[in-house]
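Structures incoming, each one as structure tokens.
Consider the two complexes below, in which chain A is the common component and chain B and chain C are the respective partners.
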Partner chain A sequence: MNIEGKRNIWATYQKEIAGDRFFYVRSCVRQNFFPGSEKTFLRIMKEELKKEVFEHAAHTTCSGIGYHTDVVPFETAMTMVARQFALMTESGYENFTTSCITSFGLYAEILETWAHFPEVEERIRQHLIKATGRTFIKPANLSHASDVIFKFRKEIGAVSKFRLVNKYTGKPLQVVEHIGCHYSKMFPNKGVGGAEYPYVLIGMIEDWGGEVIDYPERRHCCGFGFRQYLVQANRGYSIACSKKKFESMAPYKPDFILTNCPGCPMFLDRWQYALSEMEGITYGENGLGIPVLTYEELAGMLLGYDPWDLGMQVHQVPVEPLLDKIGIPYDSQRKFLTIDGKSMGQPESPSFLKFYQHE
Partner chain B sequence: MNKQVVVIGAGVAGLTVAGALAEQNIKVILIEKEAQTGGHVRNWDRLFPSRRHGSEVMDFLDSNLTKQVDIRRGVTVSSIVRTQNGFKVTLANDDEIDAACLILSTGFQLFNAAKKEEYGYGIYDNVITSAELESIFKSGKEIATKNGKNPERVAFIHCVGSRDEKVGNLYCSKVCCVTGVKQAIEIKEILPHCEVFSFYMDLRMYDRNFEELYYEAQQKWGVNFIRGRLSECAENPDHTLIIKTEDTLTGKPLKMTVDLVVLLVGFTPSAGTGEIVKMLGLKTGQDGFIASADEHFLDNNTDIPGVFVTGAVKGPACIVNTIADARATAQQAAKYLFTLKTG
Partner chain C sequence: MGKLYEKLAEDVRFVEGLKACLNCGTCTAICPAAEFYNYQPRKIVDILQNRDDSQIEELLKSDTIWYCGECMSCVTRCPRGNAPGLLITVLRSLSQELGYFTESEKGRQQLAIKRTVGEWILKYGYCLYPSQILPEMHPEQGPIWEWEHEHITAVMERLGANYMKTGPGILRKIPQEDLDEIQRIFDETGATERFRKIEEFSAAKAQEMKLGLNETLDNDYIRHIYTSNTKDHTKES
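So, the complex of A and B:
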């Protein structure tokens, strides 16, 4: 593989990412799936980077999941998004940053629609005034939160306590990166690095000391794909997608998988457990799984945040092998304790997927 | 009066038109940006459908050049200004040439396959273009993967950069289909045990003996033609390639491991053509190639009197058609000069 060929493509897909004063909108589902990620983003932005990030209490869903499952009409979705923009405008911000990839895709799609069809934008403005009395200015800059972390990856790397290096071998960790479909597949020029070889996560991995694995099924769906999972009859297809990816990446012995979408880490993590129960197969070393991380978890982990404050104890695939490889300390006894020290309960041991035994 | 003609571009069209004008005792200045004349044919081993060597065509075209043709190699045109008697052409070396008329034969350039990012050209070592395969044929080198082994499976991908809305080229490049068939046969001739697959949308065997070549590829050489476009190409740990496509005749997705992928790249307007278009204010079609004054009746003329166009500067064309077109252009230009002389 010729890395220069990829760098040429990456050079053609650069996007402007705001540097400060972000209006941040959360995901509907991420706080359930990976509860520490959004909190970690805010902590990094405010404590490490000293940036201004504002959240509005009246912010709602963008309706993206409903839109992509044909439950919410586009007209309705546009009006809901217009309301989010109105909240941003009322709060005095112009840089809109989303936590969710599907939201990012929907916001990008709507702004693009309005750019090409101003009469649609005008109609939506009228809907919004009629429904809420609000008006709005469109964002000066639209970014996904992974864009923002990408932009500040060098600053984060400079204050990180750990690098993506195997402490036993001294070699860079081998990382699989997986990008959410709605990040750049619809509008390649709105994602860092484009659609075919997105760079947004690769940039973080490279700058933080790791190496990226380019495996044959890199572009294949994670297994969420909305319809594959939300329509119950299709769930066999969902898990088959994930299985195809695991089988394709396993020969490269990845140390972990990095994602930037709400659904991808959920499915790539949970389906490893399901596949182990169904078929007795695991894809990591010695009967372990391949840990799956969000980019906020990765950044927080390298910055030295407590893994359990990052919410990594709710992963199905244990992250301790990865923490040990890097040399990140953790307290096994605290794994299933709440912030106030109470037990949050503990999952049953899977039949095949090993829980990690600390050495 | 000055009857001198300036021909810009010394590929097949430029050499032919220059030779045909010289036959009529008309003085020609032939300008070529490269150090050598011949254009793309210089790099081509054998030509479809007869498999004649490209060098034979070059020899033939060169043989028609008399002392009436003054070839200026390795120089570009920096400006063209209309004058009372025609045009003043200034070259990059500051030479100035007065011309009664201009003939544009700046040809085409091959589509940059790296723009089809999903095909992995420039990223995966064993993805090459049809032009690169032709260079291998011409050099006589062994056909081998990056690892130095003879490929056991080769996939030809048709319509790379042609008939493709995603890259903005809706037009057909005309010659890639039959080039793919020719090259597939040539692979089988050199490596009889190699399996060859050809992925196509349509096979446009439009000219004489093309269809026969297509049948030969299937019946004599066992080339597998599969109707379906490539969706993506990825690399295996051993540097073989996984290609994903669809067999649209059976309606099934298809995934296959091959050792070598050959991208049949199409035509795009040359960068030099774009410069000349700007200098003269010529019209282009939606495809970016120069528009002639009338597609049926004045196909070698432009809207500017005294400016003629020939060959692939107007769009994709094979060598046979380019030679015929260039001869027609020479006639139109000679007629124009005669009109100037007689008033």
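So, the complex of A and C:
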């Protein structure tokens, strides 16, 4: 990989990321499937970095999945987003940060639309006043939560207990980074490093001791495709996209996949299970899958947080092989316990994909 | 220039998405949908810039406009600054407004999406909600989701959520006054009207297809549109 050339491109796409006083909005997908990641983001921001992050109890979905499945009109999505901006304004904040990539892309699309068509912004303001009585000031700074972790990656690295190094070989772990499509494919200048060579996850991986794998289908979509996953009859599209990526990356023997979009880790995790059931294929070593992590999980893991506090027990592809490689301790007996330490039973083992669980 | 083209051109996304296409096919080369379906975004952009209403009407009634995954990979690569993925959103909006969406198998799926994601936004304040993601409708979610779903309250508590409780936090209960605001936004900005049209045109189609449709998800029409592919959409018919 010609790193020098990439660095020149990354230098072209630098974005300003606020340093403190964030108004945080949550992700529908993240809350359902990886709630521990959002909890970890706030823990890192508050406990490790001592930053102010505010969440308004009245904020809701931005309606982004409804918009990209085309049941929610653009006019409605813009007004839903305007309401989120109003909550930020009312709370005295101006730095808006989102957990969701679909939301981030939608916010960027809307702000761009308003910049090109001021009369649309004015119309949306009227809709919002009429429907809710609220008004808003546009954010001074818009970031995705992965931008924020990227900004503070050196500070996080400095207090981390572990590095992305294989304890058995002493070599850097080999990492596939997967960027959510709506992070920068629509507006390259809104993402760190642009669309072709986004640097937001690479910066974390390299600063925390790992090496990034360059592979042919690196920029291919995970396959969510909104209606292509949400309607059962269309899921062939979704799994085919993920399969294309797995087959492209597998020869490079990645130790894990790192993602910044809420949907991508879920699909890259679950479709490995589905492919193993459908075709008997597994993409890791010895019948294991390739663990898929969120950037919040990665940061928390290296900071020494308990993997079960991070929510790693709700991955279908087990993460224990990765924890073992780094030398991170964990108590497998506690993996499926309640907060009070009571048993919740345990998930069934898949037919082919190896699944660590206590006996 | 016909009436359908004029209608499309009223949408700011159309103005943003269509400059002048040189038919290079870069969008088709990068498109995940073009790899899977019988689909070429280049052809769609070409039809639109030709401004031929009869071809546009055919498009609005076809499966073709529903194959796109709206990943927007095409936007990055177009050498002329077009956005085929954005044009798809405009075509889908008009197809629903005119009721043309029920003329195609993939278009008819809009009712299933409206009755799930669309209604969850109004009911819960989220596009997705764990109690509604049923393992039997999502076998690909695997045994881990079956286990989570069975123990959802305890799992969410373990992972730090504020599930179904008041105040901020993960999957908190959205206060009724905020859900009321969403409803008023939907009423004011056209979403309620779009929902009404999806329901109305779908009811007529269900009758035509002689499939039962009630107000729930448990009926023959919804089951049919949610699960069926009566032709191979990946090949030219």
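The criterion applied here is as follows: the second predicted complex is superposed on the first by the 355 of 359 C-alpha atoms of A that agree within 3 Å, B and C clash if a C-alpha of one lies under 4 Å from a C-alpha of the other, contacts with A are read in each partner's own complex, and residues count from 1 in each chain.
The rule is simple: a residue touches a chain if its C-beta (ideal position, glycine included) is under 8 Å from a C-beta of that chain, and two chains touch if they have at least 3 such contacts.
Predicted model only: the values in this text are computed from it and were never measured.
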item	value
First, second, both or neither for A:141, with chain B first and chain C second	neither
A:196 touches, of chain B and chain C: first, second, both or neither?	both
Touching partner for A:89 - first (chain B), second (chain C), both, neither	neither
Larger contact residue set on chain A - chain B or chain C	C
First, second, both or neither for A:350, with chain B first and chain C second	second
First (chain B), second (chain C), both or neither touched by A:9	first
Which superposed partner A:338 touches (first chain B, second chain C, both, neither)	second
Which of chain B and chain C A:251 touches, first, second, both or neither	first
Set intersection of chain A contacts, chain C complex versus chain B complex	195-196, 219
Residues of chain A that touch chain B when the two form their complex	1-2, 4-6, 8-9, 194-197, 214-219, 251-252
Residues of chain A that touch chain C when the two form their complex	26, 28-29, 31-32, 35-36, 38-39, 55-58, 60-61, 63-66, 68-76, 78-80, 83, 105, 113, 116-117, 120, 127-128, 130-132, 181-182, 184-186, 188, 195-196, 219-221, 223-228, 230-237, 239-241, 244, 270-271, 273-274, 308-309, 311, 314-316, 336-339, 342, 344-350, 355
Chain A partner contacts - residues on chain B that touch it in the complex	114, 117-118, 121-125, 232, 234-237, 242
Complex interface listing, chain C residues touching chain A	11-13, 16, 32-33, 35-37, 66-73, 75-76, 83, 89, 92-93, 96, 106, 109-110, 112-114, 116-118, 121, 125-130, 133, 137, 139-148, 151, 154-161, 166-172, 174-175, 178-179, 181-182, 184-191, 194-195, 198, 225-229, 234
